[in-house]
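Right, I'll just put the structure down here and ask away after.
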Amino acid sequence: MTDKNIPRAILLFSCPDSKGIVAEVTHFISVYGGNITDSNQHNDSETNTFFMRVAWDISDFDIPRDKITQAFEPIAIKYNMDWRIEFSDRKTRMAIFVSKFDHCLYDILLRNKEGEIDADIAMILSNHKDAEPIAEYFDIPFYYFPVKRENKTELEKEEISLLKKNNIDLVVLARYMQILSPEFVKEFRNKIINIHHSFLPAFAGAKPYHKAFERGVKIIGATSHYVTEDLDEGPIIEQDVVRVSHKDGIPDLIRKGRDIEKLVLSRALKLHIDHRILVFRNRTVVFD
Amino acid sequence: MTDKNIPRAILLFSCPDSKGIVAEVTHFISVYGGNITDSNQHNDSETNTFFMRVAWDISDFDIPRDKITQAFEPIAIKYNMDWRIEFSDRKTRMAIFVSKFDHCLYDILLRNKEGEIDADIAMILSNHKDAEPIAEYFDIPFYYFPVKRENKTELEKEEISLLKKNNIDLVVLARYMQILSPEFVKEFRNKIINIHHSFLPAFAGAKPYHKAFERGVKIIGATSHYVTEDLDEGPIIEQDVVRVSHKDGIPDLIRKGRDIEKLVLSRALKLHIDHRILVFRNRTVVFD
Amino acid sequence: MTDKNIPRAILLFSCPDSKGIVAEVTHFISVYGGNITDSNQHNDSETNTFFMRVAWDISDFDIPRDKITQAFEPIAIKYNMDWRIEFSDRKTRMAIFVSKFDHCLYDILLRNKEGEIDADIAMILSNHKDAEPIAEYFDIPFYYFPVKRENKTELEKEEISLLKKNNIDLVVLARYMQILSPEFVKEFRNKIINIHHSFLPAFAGAKPYHKAFERGVKIIGATSHYVTEDLDEGPIIEQDVVRVSHKDGIPDLIRKGRDIEKLVLSRALKLHIDHRILVFRNRTVVFD
Amino acid sequence: MTDKNIPRAILLFSCPDSKGIVAEVTHFISVYGGNITDSNQHNDSETNTFFMRVAWDISDFDIPRDKITQAFEPIAIKYNMDWRIEFSDRKTRMAIFVSKFDHCLYDILLRNKEGEIDADIAMILSNHKDAEPIAEYFDIPFYYFPVKRENKTELEKEEISLLKKNNIDLVVLARYMQILSPEFVKEFRNKIINIHHSFLPAFAGAKPYHKAFERGVKIIGATSHYVTEDLDEGPIIEQDVVRVSHKDGIPDLIRKGRDIEKLVLSRALKLHIDHRILVFRNRTVVFD
């Protein structure tokens, strides 16, 4: 409900909890003429860790935007914060990795067109050529990397180089059927979002719909998470489910699953590009 | 996730939006040694109204609890706030009104026993004697008011007097099949919570399950709301739904509906007694 | 889970309930060498009406498909059935009406491409030219009918003529912002499916998201129904909902609503083209 | 929607699929004057297995009820059926096992009182005395079996003997915190229903809410299943989920989980006692 046209700074941090943090942070914003438009906090009582997201209108802020980080740093140091500052009018630059299934790809591109996923979709990369006409229709550069076991190291290097050169800050695996190497993952810590077609931690790994059918579950799910070195073990951003029955064979699970894959991935992307997610100990704090 | 044993003050307010409110409120708490445990805010851009709920640990607060209101008043006046301060260790005193259906009554009493609805259930009032043994089992005083058209004005006066004498601050209509008079409602503004067995505004008034069956809907609902002078028109606190089909006759709708009536009413009660609701222009802001 | 490649006959009927119907119908199928692949029945106890849908493999059926109707007729007459026979390998010919919003249009076209909505999409009709490039991308004929108050009667006649000429048997209003005349509706009884962006009967008519916001509901919905002469009063096929909160302004309701509009409309279309719906007294019996 | 007062026979079977089964079964019912009130079938195309549930009014059935099994047997043998016949007016005799948590126990007892779970609750067994006053309030015999590692074999024998003597045909583990021995399980094949407080197969075994919190899932679940020798691996009857967030600590997961545990267990019990479940290869076919 926030007016999207107002430029805002968004501060996200976690730190050991102590008195006066909120007061000091909000005073910093207020004293320089910022108007807080959105504020959320959370306290993890188990670890005594404090989390906060605060956004403020910087139209009349006395500190120019390129000096805000520097100005806030003393407070961050004082409270030992893990922090970052984002700006609402700087669009996330996104690269979409895809294989042959195109439903998530279409979904992201259409939501982008609607302004719902308000990012710069800078490129589509694929190990197949199937998505090339889609890229063309939506006028997005398409790159073909026929990754195979024998050329994976080399092609991943090229991919990383391409992503870096294009200032990509979010890699989306939109049903990309390849596992990224630990080296790739390290380059984009908390910047790779995957959609897994099961309700994790159930049915991690390959062929989750087949496993779900075999086990006879009455509900199937989808999970969007940040990619870490451990397959399907990264911090979960969003999940959703759909009811199934004995009437649903594997093709039905796949069909019903597509709808939740699209919804879950797109919600996760929106939360990420709106800078609403903090990662802490392989879990996420999502300020929606 | 907040430790329930820490005594906290909870400030709730709405006011015209302007710069510096959050900073001033949090500074007030911080400067007297309060530690904020929970904070939420909302801005209604249409009316430019600001809403806030902030809770702080008062164990080491420099202002004694009976002076906090007085101390905060200048800020409230400055920003033209509609405000109140509650204390987490003062339990809401609840009266439950019930007729013959007892599923919501049992549900509230059992959740109270679990500590989930953490209120003092001071009494059960009914226009029937059916619930008396239930009251006895849970050791709650039971009052029988056989309200009829001809004695309604008189009995309502007695009820109001009984409620006032017992310092009741929340009246729960747990499938109470009587309409309260405007006079009664006025005495407990935003302090009467009803459960209506439909997805309002669909099927307001009597026999909603019959109407839902007649219309052939594929989903039925329940709505918990504050009672106002306009029947089923008060501010909605919580709603939920359940899927139905052509296989469900009216008795099935009634059966399926019971489950969501219980869930929706109990969630609304928990939100109210945890002081998470602000009412504004016949809508609610719910800080959960 | 039925093998789509097996040609099947699908019998749907309703009739006054009496003994032996199921036995007689299944005997008819069995005696001529049909193998039942799917069977559903329902009894409306209020009106004592019996409903049945039964599908059978006709690969080895002794009656040629163009004689099945004639062969079954005596049974239909005996039990006073309202009945029809469909064939699984005859695709429904669909025309999509659309205005400016294209999310439902894209959704149907993509599901059609996936084989999920297994119809012949014969044409797209619109009162605006916005959807023309979409039609082109998916290679579907596009027709522009700039319907206005003054030319409505005339243009509707042309539309009806075009639909008839092309043997259209399902008209889909995919967020078509025009009301069809009673004359149009009469031509396609139970063959026009609309998506309404509210949880009917709540918020019928124009601007349901604005009304939902105004009322302060906590859940919004979408409803797919057959179009009748009474606006938003036709038999409901499918509904679904999504949770909202005070944080959601009208643009958020519109955004969240798009997802359920797409899901609800596509489910209704799938049920219709799979011949799973019987209409009875302005309600639907849906054999899924 | 079926009239509960009409006595009905309910035939359930699975067998290798072949032509004419439905016709032969329905002819058997029809020819002796039975009126089919409910019929469902399913074909598992992977294993080519056919499943059917058919219920018929036996008020005017020409075969007395104690001869129906014998009369049907030739058809069962012909098609190599795994089959049983139940009667709607013979109530399932249920024993509830419980430990200290009483929310599922109360829930079942209250639904039984409402007529929703229409069984004879013959006894409550527990390894603690906490539930004794509840048993007393609802007027159900209570048995105390303080099962410990050292006396487990012996006490289980006594339990089995007690259950047999009382003709118990359904054992409900309503958050019973003991694992039954394989010997116990063998005695009640497909007649023991457990509620597990996770979305199986995720978080099988002990402390699922703690594991769910640790993993950072965004949705938690509950699963009702038949108990087999493999812990939490039996055929799943019903599952449901509830959304959680970073705000929910373990006590919140436990609280939110209670609601779905109650709902899922009670739905599974209703399906079982209404004879709507067939077990096949560790999965269930549920004709609802």
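Letters are used for the chains, namely A, B, C and D, taken in the order the chains are written, and counting of residues starts over at 1 for each.
The criterion applied here is as follows: a residue touches a chain if its C-beta (ideal position, glycine included) is under 8 Å from a C-beta of that chain, and two chains touch if they have at least 3 such contacts.
Listed by chain with UniProt protein names: A, B, C, D = Formyltetrahydrofolate deformylase.
Model, not experiment: these values are computed from the prediction.
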- prompt: What is the shortest path, in steps, from chain B to chain D when you may only step between chains that touch?
  reply: 1
Query: Farthest chain from chain D, comparing Cα centres?
result: A
Field: Centre distance in Å when chain A and chain C are each reduced to the mean of their C-alpha atoms
entry: 37
Query: So, what's the distance in Å between the C-alpha centres of chain D and chain A?
result: 42
Set of chain C residues in contact with two or more other chains: 1, 44-45, 247, 249
- line: Interface with chain A, chain B side, in the complex: residues 1-3, 19-20, 22-24, 26-27, 29-31, 33-41, 43-45
Message: List the residues on chain D that touch chain B in their complex, please.
response: 1, 103, 106, 110, 114, 116, 137, 247-249, 251-252, 255, 258-259, 263
Field: In the complex with chain A, residue positions of chain D that touch it
entry: 42, 44-46, 199-203, 215-219, 221, 235-241, 245-247, 249, 282-286
